[in-house]
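Below are the structure tokens for one structure; questions will follow.
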Amino acid sequence: MNRNYLLKKIFQSLITIFLVLIINYILFRVMPGDPLQMLMRNPKASGEAVARTKALFGLDRPWYAQFFLYLRQLLHGDLGLSFLHKKPVLEVIASRILPTLLLAGCAEVIAILVGTVIGIVSAWKRGKKIDVISLSFALVTYSMPTFWLGIVFVAFFSVFLRIFPTTGMVTPGATFISEFAHMVDIGRHLVLPTLTLSLVMIGEYALIMRNSLIDILTEDFITTARAKGFTEQYVLRRHAVPNALLPMVTIVAINLGLVIGGTIQVETIFSWPGLGRLMYEALMNRDYPLLQGIFLLVSISVIGANFLADILYSYLDPRVKG
Amino acid sequence: MKETHAIRRRKAGQFMDSFRKNRMGMTGAIMLCFFLIMAVAGPLLLPYNAMDFGVADDVFAPPSREHILGQDDMGRDVLRALISGARISLSVGILSTLISMVAGTFLGIVAGYSGGKIDVLMMRFTDVFLVLPWLPLMLILAAVLGSSIWNIILVIGLTSWAGTARVVRAQTLTVKERQFIERARAIGAGNGYIMTRHILPNVFPLVFANTILVSAVAIISETTLSFLGMGDTLHPSWGMMLHYAFESGAASIGAYWFLLPPGLCVVGVVLSFTFLGYAFDEILNPKLKKR
Amino acid sequence: MEMLSVRNLVTQFSIKAGQVKAVDGISFTLNEGETLGLVGESGCGKTTTALSIAGLLPSEGRVVSGEILLSGIDLLTLSQEELRKRRWKDISVIFQGAMNALNPVMKVGDQITEVIMLHDNKNYQEARKQVRELFSLVEIDPDRIDGYPHEFSGGMKQRVMIAMALACRPKIVIGDEPTTALDVMVQAQILNLLERLCRDIKMGLLLITHDLSVLGEIADKVAVMYAGKIVEMGSTEDILTQYRHPYTEKLVHSFPDIYGKREMVSSIPGDPPNLIDPPSGCRFHPRCSLATIRCRTEEPGYIDLGGGHITACHEIRGYEK
Amino acid sequence: MKSVMEASALHVHFKARGSFIQEIFSNHQKKVKAVDGVNIQIGEGEIFSLVGESGSGKTTVGKALLALEHKTSGSILFNGEEIPSGTGKSSRRFRQKAQMIFQDPYQSLNPRDIVLDIVGEPLVVNNLIKTSAEKRERVIEALGWAGLRPQEEYLYRLPHELSGGQRQRVAIAAALILNPQFIVADEPVSMLDVSIRADILRLMVEMRDRLGISYLFITHDLSLAWLISDRIAIMYLGKIMEIGSSELIVGSSLHPYTQALISVMPLPRVTKNKKRLILKGETPDPIDLPVGCRFNPRCPVVQDICRRQEPELAEVTPGHQVACHFPKKLLVGAP
């Protein structure tokens, strides 16, 4: 990978982040219930009070100055105050990041591994029984709304079979004799949300991998590898799969945006104390500063992940140039 | 002209031949037909009134002869609600997909064909929409615009065109390199003519397959939005039913008749679109043909 | 010494419309250090012949009958596993369009070392050393061993392919249109290289091409294929100047000869036949200007013209020089 | 002879895709000099061949002559008038008079259109017909010129239902339908089987003889150029190395590059022991052109001056120009 490529990608990511900031700014300016509108609706508010509030929020200045004010506040980590929690937005968000990372991370890793394997097997045995089964499984899971799958799991595993806890991250009111027991309890709570979140992704990854591998298997260099006398397994492992994995890298990165959507649903269903549920709560209570903060954070993380994926891609594919 | 029609028929015939042999595609088509009939004819046979609340005994009443799928948290008939929801879910899915298809195809073709700075600008813009987390964006937009059914259609359309634009642009780039585009320029054709007359028809098969897949995503989106409370209460879709089911704790009571049918319908519709899209992709995409 | 002997090879493809008789009973032999050119238009079965010999037919195709004897062993009687072990060690292939025949995400050196390690039981370091030698042999700077395919030009990639084909010192190398996509000058370089290698390391080369004029520079023998059959075979001299089959004649005359008269080259009217339902009698008769009733009904056998020159035509008397 | 098409000091440069930093911060961009000072005149009814390897810029010259590629500098005169750029009325008129035949008949026809629409398209695009009956009539006439008879059998076919030769004839019919005066034929037979090349070439010559069409025939195959053209120009890295009548170029070429090309040209003869002038290496990248003569790094008879000074195209005998400091015959005798 060369320096040029790196610089280009950094530059592109920065532009994307800037565009996201603009969108974010506009979006939350037109939100019903910005502070000024609230004030205006109050018939007792005097002209002086309106002007004072305007000055306080910088609303008396031209739009570009307001935008720069917004940027400056952002750079200082000032995302405003959450209406709901009466605390700085950043602080509220920070307390909820870890559970989401744990959930989304586990689900993503499982989905990538299982999805890739299913895709490979399916493409390799194209048209055979195992392909039909894998393909059907992938398409069915791909077609399920995440939240519904979650509810069904709760109803079946927690309510009917009673093998996993319904909600939360730890058993409420429980005291743990050791750190290990604490972990086990979290683990038990983690199973169903992770399973839900990963299942809906497995289907997509399996489909992408299957198509990509089928594509690669028609390439001439696969014929060359076969002609060289390698076993089919070797051809698959050494020549076909490394090439077929390339589109996966891009898709996984783009999918991170979707995983965030998935966590909103799963965390709502399972009352998982993460960012997704925080966002749902913020939305329900119209806590705009908090909403804006979360949205900005997840957008920038996704852009960051895409940047990392580009770097990984250039490492895997020598053809990528600056 | 007679002969031109014959050609069209022949082309369509070839497509139908491969389609009929595609088991997945046929399954999807049959399933979709079922839901379409349900959406179009169903409400005529079993009309539904969302205000038709039952008495206390009806709340969460299990399936009976009168109410084949039981009754919901307000004592309403689940089957009738389900049939009424089909019309709403399908319309939202299809209409929002149309917005997404038109926008995505237009931007994709213009960006790909124009190239240069226009392309770079348009694609940067598209990338923003591609990386923006999709569900939060929809939720926020729905909150901004207010949750009416038309806003939901608009929101889903506005957030789902980016993928189509990417696919169309990539395809446009390959079509653009084909010599018949250069030939069209050599005989004096203008850019508008080339884009509509040569690029669009050659990109369309892929747009079509992609659009069907987008419909699947759009229906899931609608369901999810409604489930998360952004739905239009006046037009209860399957997502709204699931919202009420979850809110009323149907899962913990074991009221499966309220929980399963709307969910299965969503899965069924989405699956039929996915099957169709996948089958079209397989038929129309030359690289996926059997080696 | 006879290395490869193909006898009555019949290969068919099963497609929706029926059985395609892509190769229909061809026989030839290839000796040590000899270059045999197999020439014909697209769809005449020349590539299918190569794939049949190399055991690389796609799943729709299969060898129906015949023998492919390599040093006396019939490859068609071997098991899949035995065949796999012999691939590249006995017969290697230089594919058309080296740009697609090399794995784009793997270093070119590694693509050659892997095959040496597989067949010659060498370790990575030994194999790499051998690759460097091979690179010198095909006139590539050995220091480019760690380059990726996209860093090589078309001609250089074809040299890499040749180095790869020679890696296990095979008895036979099949060149499937090895110079087709290349510029004339690079084509000349590659042909020159192949010719030198045949001479120096005594490999048998089966060169498959649609371009008869290329064979004049490199081949010892030429077999002309039409619609799945060899219609004429002989020394390059025989085919290019003493041709007896009307198809060969037309083919030779479709190339302009800048040292000859400046007159329009010839063309062959009509299209190549459909191999699902080939014409009766001589397969060339619908396009042949000399065709008689006999040509339409009776399939011509081979006539030996001496010195290994054979042809399958009823009307060769009309061709007496 | 009146010249139909005349290009002088034609330059076509492309922006090289430099590194990202350069593209943003440097105003000095590298250029690919695809065509770097070319002069040609093509007379009425003349077949003029431009021969070169890939990367020589021959196709770019052809496209520039038809205003399909923007020229960087130089002038292109068609019937004595500078060719129009853009899409104005004069540009329309020019497009009708100057046409192109493309290399790949599998790629140059829209796979979704029937022959009637493909061949009739120039008429539609240029608003030259009013009714579909008129279109049909004109298309039938053009198909006849291109030797596709009976015409009615082809009208409603799709490209994939035609053989390679038939497709190329359809492309030719579409070029002929506007009654052009000048046609750029870019490798029109290189994708076709050898057995049908002659038909297409014969058709081109026939159209010249009957309708007086002038051609720029672009090819990598010197022997085909020799076969049908009146004059040949040999291109290397964006410049013409040698220009003259076909007999002169093939029989008594003086530029070492031309002679090398001729010596390696495959022939329908036994040439195993023929003396050949095989040049080392491959055509270099046109981004960094060698100083002096652009052929000097590969030239078998290079001298000091060749590395310093670029030779201009100069007349050695009437009608025979060579761009070489030391034009002479290197190999003697046919094989």
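All chains are identified by letter, namely A, B, C and D, in their written order; residue positions are counted from 1 within each chain.
Everything that follows uses one rule, which is that contacts are C-beta pairs under 8 Å (C-beta built on N, C-alpha and C of every residue); 3 or more make two chains touch, one makes a residue touch a chain.
Quick caveat, the model's predicted, so the values are computed rather than measured.
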item: Shared interface partners, meaning chains that touch chain B and chain C; value: A, D
item: Chain pair showing more contacts of the two, B-D and A-B; value: A-B
item: Whole-Å gap between the CA centroids of chain B and chain D; value: 49
item: Centroid distance [mean C-alpha coordinates] between chain B and chain A, Å; value: 22
item: For chain A paired with chain C, centre-to-centre distance based on mean C-alpha positions, whole Å; value: 54
item: Centre distance in Å when chain C and chain D are each reduced to the mean of their C-alpha atoms; value: 32
item: Touching two or more other chains - residue numbers and ranges from chain B; value: 291
item: Parts of chain B lying in touch with chain A, wherever the complex brings them together; value: 24, 124-125, 127-128, 130-137, 139-141, 143-144, 146, 216, 220, 223-224, 227-229, 239, 242, 245-246, 251-252, 254, 256, 259-260, 263, 266-267, 270-271, 274-275, 278, 287-288, 290-291
item: Residue ranges of chain A in contact with chain C within the complex; value: 219-221, 223-231, 238-239, 242-243, 246, 316-319
item: Touching residues on chain B, where the partner in the complex is chain D; value: 1, 3-4, 6-7, 11, 178-180, 182-190, 193, 198, 201-202
item: Chain D to chain C touching residues, read off their complex; value: 53-54, 163, 193-199, 201-202, 205, 220-224, 226-228, 246-247, 250, 260-262, 264-272, 274, 276, 278-280, 282-283, 334-335
item: Footprint of chain B on chain A - complex, ascending; value: 12, 15-16, 19-20, 23, 27, 30-32, 126-127, 135, 139-140, 142-148, 151-152, 154-155, 159-160, 166, 207, 211, 214-215, 217-218, 254, 257-258, 260-262, 264-265, 268-269, 279-280, 283-284, 286, 291, 294-295, 298-299, 302-303, 306
